[in-house]
Structure formats: C-alpha cells, structure tokens
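Chain naming follows the written order as A, B, C and D, and within any one chain the residues start at number 1.
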Amino acid sequence: MSLLGGGILKGMAVTLRNFVGSYFDRDRLTTNDYAWRAGDSLPQHAGEYPKEEGEQLRDTTTVNNYSRNFPMLLHDEGEPMDSIRCVACQICERECPPQCIYIEKSEDKKERGGNKAQFYPAKFDIDVSVCMSCQICVEVCPFDAIVMNSQFELSTPDRFGGLLLRRDDLLKSNGYYHKIHPEEAAARDQRMAEEKAAKEAKKKAAAEAAKKKAEENAKAEAEAGNEKQEDPQ
Amino acid sequence: MSLVLDILIATVPLLVIFPTLFAFTTWLERKALARIQNRVGPDKVGVPLTRYGGRFSLFGLGQPMADGIKMLFKENIVPRDADRLFHLLAPILALIPAMLVLCFLPLEFPWTDSLKPVQAFLLDGAVIFFFAITGLNTLAVFMAGWASRNKYSLLGGMRAIAQMVSYEIPLVLSAVVVVMMVGDLNAKEIADFQTGGKWIVGNWFLFTPWGLAAFVIFFIASLAETNRSPFDLPEAESELVAGYFTEYSGFKFALFFLGEYIAMFAISGLAVTLFLGGGAGPGLDAAPWLSVVWFIAKIFVLIGVMIWLRGTLPRLRVDQLMGFAWKFLLPLSILNILVAGFAWHATQQDSKTITVVTWVISLAVLYMTAKGLNQLNRAKVRPRNYRYAE
Amino acid sequence: MSNATATAPNYELIQRDGLDTGLLEISMGPHHPSTHGVFRMDVKLDGETVVDLQPVFGYLHRNHEKLAENMSYLSSMPFTDRLDYFNSMTNNWAYALAAEQLIEIEIPERAEYLRVIMSELTRLVNHVSLVGFFVNDLGALGTPLLYAFREREKILDLFEQASGARMMCNYFRFGGLRNDVPEGWLDRAREVVDRFPKFLDEYEKLLCENEIILSRTQGVGNLSKELAISAGITGPMLRASGESYDIRKVDRYGIYDRFQFRVPYSEGDVGDCYDRFMVRMLEMRESIGILKQALDGIEDGPVLGNAPKVFKPKPAEAYGRIEAPKGELGFYLIADGTPKPYRFRVRPPSFINLTVLRDMCLGQKVADAVIILGSIDIVLGEVDR
Amino acid sequence: MLQQFPEAEWDEAAGAIIAPLGQALAVAEWLLGQGVDYCSNVTGVDYLEREVKEKVTGEDGKMETVTRTIPSRMDVVYHLYSMQKQTGPLVLKQRTNREQPQVQSLTPVWRSCELQEREVYDLFGVDFTGHPDQRRILMWDEFEGHPMRKDYTEPFDYEWEPTPHNEILDKHHRGKVIV
C-alpha cells in the first residue's frame, strides 16, 4: 500500500529539486543566451546575442561553426570578380529544390587564378525568402564555388528586394569561409588540392604519355622513314 | 469626519497593499515557475521600467509594471454578438467580492490615533460572511462565460459553476471544525484562540489531526475555488483555449487577473486565520506591527505551495473533479467534523494519555477513511506491467 | 465487425423534461492550443461528452507528392525533412531506403552505423517531446515539456554539429550520408546518451506514478488490438494495443539485425492513453541500448558510397519502409527512366493513425479528446503533406 | 492465389497482383482469410497515354524500332503485409480507366484504407464504390479538379503579387531548368 497522494508528492519533490538545481546547475537551464547554450566544448568563435539595447553583436556571422544558413559564393584571394570560382554552369540552379537561384551566364570568358578562361555569372541571385538552406547546391557544385554561410542577421525592411541577395552580396572570400567553418573549409581545401594534384599528375602523366607516344610515334615514323628511306634502296 | 477617517485608515491599506502584492505575486509566480521549469524567467525589465545597462534590472522586478502598462493600453475587444453590458460587468463583479472579503481578515494595522491595532471590519459572523461573499465570484465567472457568446467561454462558465458550487461545501465543512473548536465565528477570536501555545505553533489547528485533515481539505477546496491548478478547468488552456475569459482582452482581462489573485490572497488569508494562527509569530511582544508581516508571510507560504503545485500537476477531468468533491472530500470532511466532536469531548479532561490516544485514533481513522475512499473511487487505476518482444 | 466505422448515437434534439436541449457543436481548431498544428476536430458535445467527432484535414496541404514528382530524386530529399519536422533523420532514411532499391548501391559500414545512431537519436527526440506535449495536453503547465526540451536541445545540438541544421537536417544520401560527423562527435554523443537515463529516471518519478495522470489516462481512448491492426495503426500506438510489431525487427532494414534490443508492448488488450504513454517511455530505454551498442561498434571508414548525384533509375517500383518514431513511414517510388520519379508517395504514419481518432473519442469527455489526439502523436506536416 | 482467382494477373515488372475489376473485394477478403491482416499503403498512380519506342527483334532477326502506344490507365495500389506471419509486402493493384475511374473500396476489409482511399479520391478522382464516407480530405470541399493527376493545371492564383522571385520562377517555368 503506497502513501495516499504519494505520486503527487514524488512529483513535487522532482520539481523542487529542479527549482533549486536551476540556481546551481548550469546544465539544467534550457534557455539562456544562445552562445552559452552550446556549451564549452562547442563554439570556437561563437557570437553572443546582444542583451542590452544598443549593444552590437560581436560577430553576426557565426553562431556555431557547424551551422548553416544560406549559400554564398566563394572567391579566392584577391579581387572578388577576378577570382570567383563560379563558372555559371547552372547545375545548382537546376538542382535547387525550391528554385531560388537565378543565374545568367556572362557573354565573355575571363581568366581566373591561372586557370584557363571560363564563363562567369553575370547575374547570380538567391532569393533567401525562398531558400530552405538544404545545401543541395553545395553538393552538386563541381567547382566548390558555392558553400553555406552562417550569417543569420538578415532582417530588412524590404520584404522582396531586401531578401533577394545579388551576386555581389553573395561573394565571400575563402578566408571568410575558413573563419566560419574551419573544419569544413580545411577539408574542402585539402580535397581540392588533392584533386588538383591528381589532375596535374594525370595531366603530367597524360603529357608524359603523349610525349612518350609522340616519341614512339616519332620513332616509328623515323623507323618508317628509315624503312621508307631504305625502301628505295 | 472621524468616521470617514477611520474607514479610510482601515481600508486604504488593504486597497494599497494587496494590489501591490498582486503585482509582486505575478512576478514571483513567473519567476518560480520558470525556475521549476529550468528557465530563467523575466530578468530584463528593471526599475523603473528601463533597461539601463541591465544593472538595475533587479531580477526583472519591473516586469509586473510593464505588464500592467501593456494591459492598460491594449485594445478592448468585445465580440460583435456579445452582451456588452454583462461583458463589462463580469470582471468588475469578479473583483469586488474578492476585495470585499479582505476586510474580514484579522489583519491588524497598528496605525490609528490611539495606536490601537484595528481590523478593517470586525464582524461577529465573519467566517459565514466570507463564504457568502466569495460565492458571488461564481456569478461573475458565469456572467463572463455567458456574455462572451463563445462556446469555449460558455463551457468554461458551466464548468466554473459546477466546480465552485461543489467545492464550497467541503470548504465550509472543513472550516466548521475550527469554528466548533473555538466556539466563535469571529475571525479575530479564531486567530486569538490559536496564539500563545508551545513554541508559538502549539495551539495552531494545523497541528491537530482533525485540523490537519481540515486544512488539507480546505486547501484543496480553496485551490478549486480560486481556479488554480490542478483545478483550473474553467480556464483549461489545452481544452477550452482560455475558458471563460477567452474573449477578454486589455484592462478587462487585467481585472479578471487581479480578481483571481486577490481571491487567492483572501482565501489563503482565511486559511491562515483558521489553521495557521493568524498573525501569530515570534517577536510580537516587542513589535505588535509584526503581526501583519507574519500574516502576509504565511499567505505567501500558501501561495508558494499553490505555485509549486501549478508547476507540477496536470489538470483533472471534469467528472473526476466533481467526483473528487462529492465522493472524497465531502464524506471525509463530514467524518472530520465527527472526529473533531469526539476528540473535543475526549480531550476535555486534562490527561496527556487520553489526548495522545485520541490523536492517534483520529489520525488513523481519518487516514484509513481517506485511503478507503480513494480505493473505492479509483479502484482500477494503478501502474501496469509491460512485456518485451525480443 | 471490428473494423466497421463506429456510428454515433442518434442525438439530434432530445427533449428532456420539457427542456429543449441540443448538442453543442464546437469546431476545435485549426487555431486551438492543443491540436498540435492546424488540425481541426468538429466535435459535437452533449454537455461535456463527445457524441460525434469529425477530423478535418488539409490546412497544411502543400501537395508534397506532386512537388517531388517534378524534381530530381536528390532534390526531394530536403523536402522529406518537412514531412514530420520532428524526425527529419528518419524521414530521410525511409526515402533513401526506397530510392536505394531503385539503384542498387553499396552502403558503407560507417554510414550504416551512423544511420542507426541518427535514427535512434531521432526516436529519443520524438518520444521525449511527445511525452512532454502529451502531459501538456493533460494540463501540466509545460513543466514536463520543458524538461523534455532540455534533453531535446542536447540531441539537436548533436544534429547541428553533424549536419549543420538542428531540425531540417537533410543528412542522408542515397548510398550513405552527406558527410562524416566531425571529430569528437561520437564522444559527445556518448556523453549525451549516457546522461539520458538519468533524465528518464527523473521523468518517470515525475509522471509515472502521479495519481492525476493515472486517472486521467487509464481507460481513456481504448483501442482494441483487432481494430488497431485492421486500421493499419503502427508504431508505439500499435504496440500499446498489445501487438509487438516493429519493423526494425520484422524487416531488419539497415543493420538492425546486429543489435540486441527488445520491443516493449502492452500486456493487456486495453490500449489506452496510459499504455501509449508508457510504451514510449519504455521504448526510449531500448533506444539508449541500441545507441550504446552502435556507438561502441562504429568504426572509421567512408560514409558515402560512390552514388551519382543525379541518376536515372531503370523503370521499376520500390516501396521502402522503416519504423519511424510515429509508426511505419513508407515511401513508394515508381521510376520511369527519367531523373524524376514518376510517382512519389509517402505513407505517413500519423495520418493513418488518425483513422481511429473518432472511434476512440466517442463517449469520452471533451478533455479526453484532446489527450487522445495528443497520444496519437500527430505532426501536421506529415498528416497533410 | 492465381488459382483461386484465375482472372487475376501477375505483373512481373512491378511484382504486383492485378486484381480483376469488380472482384477486388473478393480477393481482399480471401487474402484477409489467408492472414494478410495489415494494409499498409494505398495510393493511386495516374498513367497518361504515351508512346514508347522499343527495340524489337523481328522474325527475321533484325532489330527495329517500333513505336507502341500505351493506353492511359489509373492504378490503385495497395501494399499488404501480414502481421501474424510477419511477411510481406504483397502489392495488389486495381486497374481502371482514366476518364471515369471506378474501383471497389477495400475499406470494409481493412479499416486503414478509409482515409487513404479518401485521399486517392480527392487527389486522383477515383470513385470507390462501397466506401462509407467518400469526401474530399486534403483539399476543401469546393475545390475543383484532382491535383495529383498528371494533366492537372493550376488555376490562376488570385493572391499573386509581383516579387523579384517571379523572374526566377519564370525561368524555371519556361522549362529550361528542370531536365
């Protein structure tokens, strides 16, 4: 036979423990300032939401280096348009599930970062009021040109134009990317470097093979020539 | 002139202190509930209503003021088909009886010309009057429910009537025990009867078996009377949106809110008078004014428990609520009256053994009856076993 | 016949003692605090007793299936997050499972383990917040809900670290996962998992013996085993009615055959709200067991097989189903050789579980209708699609 | 199964039984008797009339491309499982014409069809004879048309207002983007 009302008393003991515990045990509090909540192990450069009027966000771009918000366009070091990675291939536009990307290809080609001349986006708009932060565009991009930003402070008084981000709003440097998503950026750079190396190795191999082939051809030709030369004899 | 002055001296403190305490209580409730739920609660609005650097925020004590100002400036919306007059009258009618009964509480303010402590309204039938006037609250709630012309409001009003009428009976019957023991209906007499025991608390009715039972019944019934959780069915948020004040906004809503909290103070004040020795407490000989402080402190203990319960318990269902009043509290409180009567006769002789035996027997009788009633009402309700499939 | 539609008693306008008493018709929802979204119940009340109830759907209908039929297989993946927005991971898995039947593809070991981990974490998130919402519907002022959310936050943090988003994870891919979890994630997950039982103990102490909860939930919303099976009820709701059918055990999709776990189900044939509540509480403990095994068993390796991003499967049909926290979540895909699915159908568990809402609510009090709805565990994103 | 109902067909490609029209209820009841107690999923599939080019090896052994017209049809697909035996799925199809689709409702056999058949009725316009409560479910009652049909066209959106996103959508709608 249990105590009459024992279950209720037990429950009240639990709530009392939580009442007292919430003053001592920081782990119990669900709600607190955002950056705090993520715990000590998490944020490497977490911004803190302003508590008081007039106080600015220390860093509006990062809440947590894993979070994603809206896409941005990457460019390597230097003038943005001189080193933009996007070649306006429009794969992301095609794959975007909510269809929020609008790209217009440039008329001319432009040489960037020592690579061969490519098209660039004359227009690259993302309607962030429609974008659902799914990261599909990042995955399908073969040039690592589009990655996710984590800037969340995007409020604007203009509900249409203000939420349509143009190419120049979207352009961010690789350094910025390293700042907000260090691990991901490092992994991406490494992979790109590997790919580049592999490509170059392949190129080199191909070149060598071509050279070899050319040599062989030359040799063969020479032999053939010799033969030809010999022929008349 | 002197009469008017006397009236003002007696009543103005009530009209000032309790609404102020109401504001404080809303803050306290929000804060305590927040902490129970592992939140922080209001901590931004400071005194006076600004947020200067957060250094004067004083744990958000400015929040009730801010809430009040917001309430005042909110639009007053009356549904098109509502009964405008009664829609307006209902919140006023909810507030008046609650404020009125505060007069009967033995709060002895020490400031008069003769420096004699005075209670606002020293009535011989105070306890009866108290119940008579708090009964009016039912009318206000149903008026609100009916006048709003909203189905949720109507259901809430209907629930309120059933609930308040039912719980008034155990409420009164448990108060009867104290009245029997004291032999007087005067609130001040009841309070005075309980002073001067061992360790101050010796004469309190709370520390007798029948008093304890009566207090528990009284407290539960008072929760139901003031629509507090777990008996907040008339305003059941998850079922009836907001019950009888679904259609209220702005200042009218604030009046309801105020009335509800004042009623809480009043009924806790009565509980303090009946069971917790009124203003009794240490240090009264040196400073008689402390009695008011003790009285209010005890009220706040009860309100703290109410908040605590609100943070813990889910709500009862309407049939269970009525069953609880009629099948559990009512028989128990009637039995309690009998037990108290026997005990009073048994303890007339000044024998310690008889007193102890009476106490043990009455405690056992009351507990076993409660247990039996519980068993009878909720026979099938118990935890179950579950199986596992591999 | 057990599966016949329940009929309401003929209650038109009853003359009682010369009084004209009619029924009170209440349209609960779409804006009602406890319909868990924009769901509507047209309730007819005799006093407080429900004599008729008609669920009304569609306030959140966005024709998810049509949308998915107009985009490539991969592009539909983020939309599945939005079906049951509490459990995006399991939604992803069900869709991936169906699509992986169309393109035969090898899934790496580590990805399988991570899928199980994510799915069980999702189950914890869902059950813990469901129990919180359920008690909230009972009228507890959010206290159990906020305790539940305290734990949910920790798991959502894990999701954010792994996938970049807290709720709309979009983490699964055909042939694996989008990316590997960051360094140290498994340790953090283990920490969260290890601390979870402590919370469950506290929660059980708070709720499971509470007299008010017991008397509010027992005998309310009874659902017999026969009706439950016939009506296609799945998930914890079915198991509360006494049938131990769990797709993790039956289909053994993924690598569920490697883990030791038990499926709790109700002993009797009552199937009331209390059973549904308790089965979920017990299921959480089993999920913790699976999580511990999976976290111990996981090894390094790739997480994504070499699946093409855009593919054109051969014409075929596939039906993939998993044990989502709410029940059987199935995706029925018909491929016709183009990059887009010809037919894309979601079998939403909470929608089909609503079939018996009316049967369970008739004759109960209006307050019970609310908790019965709460115990079914619906998410309107999934019900209306 | 096929012996019991000689008219039922076995669709090898889809792995499904195609119940003969008008006998679906009998088939379902027989299946229920066999222990198939759980109907998981009910849905419709709308097939427009289309032309397929097939490479056929002719009698003379030459490969030739033949254009074949597949007539339009409407399928209602049931995914059935057995909870007792823990087996499945068994796919049962009812095949009907597109213009006036009418099939037998299996709600009397499996309750779980109730809402799902209502949904198929709502989105595909398939008429279920014997359904206890056939109304629209996801769309509102006054809605016209059946949106999941392949040839459904959206009505003019009267809440339309110009936004910069129109430019984007226009480009998508021109059919340029989706492959």
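The rule is short, and it goes like this: a residue touches a chain if its C-beta (ideal position, glycine included) is under 8 Å from a C-beta of that chain, and two chains touch if they have at least 3 such contacts.
Nothing here was measured: the structure is a model prediction, and the numbers come from that model.
Relative to chain B, the most remote chain by averaged C-alpha coordinates is D.
Geometrically, the chain at the heart of the complex, using CA-atom means, is C.
Rounded to whole angstrom, the centroid-to-centroid distance between chain A and chain B, based on C-alpha atoms, equals 60 Å. With each centre defined as the average position of its C-alpha atoms, the distance from chain B to chain C rounds to 42 Å.
Averaging Cα coordinates per chain places chain B and chain D 63 Å apart. One simple way to say how far apart two chains are is to compare their mean CA positions; for chain C and chain D this gives 25 Å. In chain C, the residues that reach two or more other chains under the touch definition are 71-72, 143, 146-147, 150, 206, 209-214, 310.
Looking at chain D, residues 178-179 sit in touch with two or more other chains.
Multi-chain contact residues of chain A, defined as those touching 2 or more other chains: 8, 11, 14-15, 18, 28, 30. Interchain contacts (touch definition given at top) occur between A-B, A-C, A-D, B-C, C-D. Residue ranges on chain C touching chain A, taken from their complex, read 71-72, 74-79, 81, 143, 146-147, 149-150, 153, 157, 160-162, 164-166, 168, 170, 178, 182-184, 188, 202, 205-207, 209-214, 309-310.
Those residues of chain C that touch chain B in the complex are listed here as 24-26, 32-34, 45, 48, 135-143, 146-147, 150, 206, 208-216, 218-219, 244, 246, 249, 262-268, 274-275, 278-279, 282, 365-368, 370. Across the complex, chain A meets chain D through its residues 90, 93-94, 99-102, 125, 127, 129-130, 160-161, 164. Of all the residues in chain A, the ones that touch chain B in their complex are 1, 4, 8, 11-12, 14-16, 18-19, 21-23, 28-32, 51-53.
Residue ranges on chain C touching chain D, taken from their complex, read 1, 3-5, 57-58, 61, 63, 65-66, 70-72, 227, 229-234, 243, 245, 250, 310, 315-317, 319, 321, 328, 330, 332, 334, 338-340, 342-343, 345, 347, 351-352, 354-356, 384-385.
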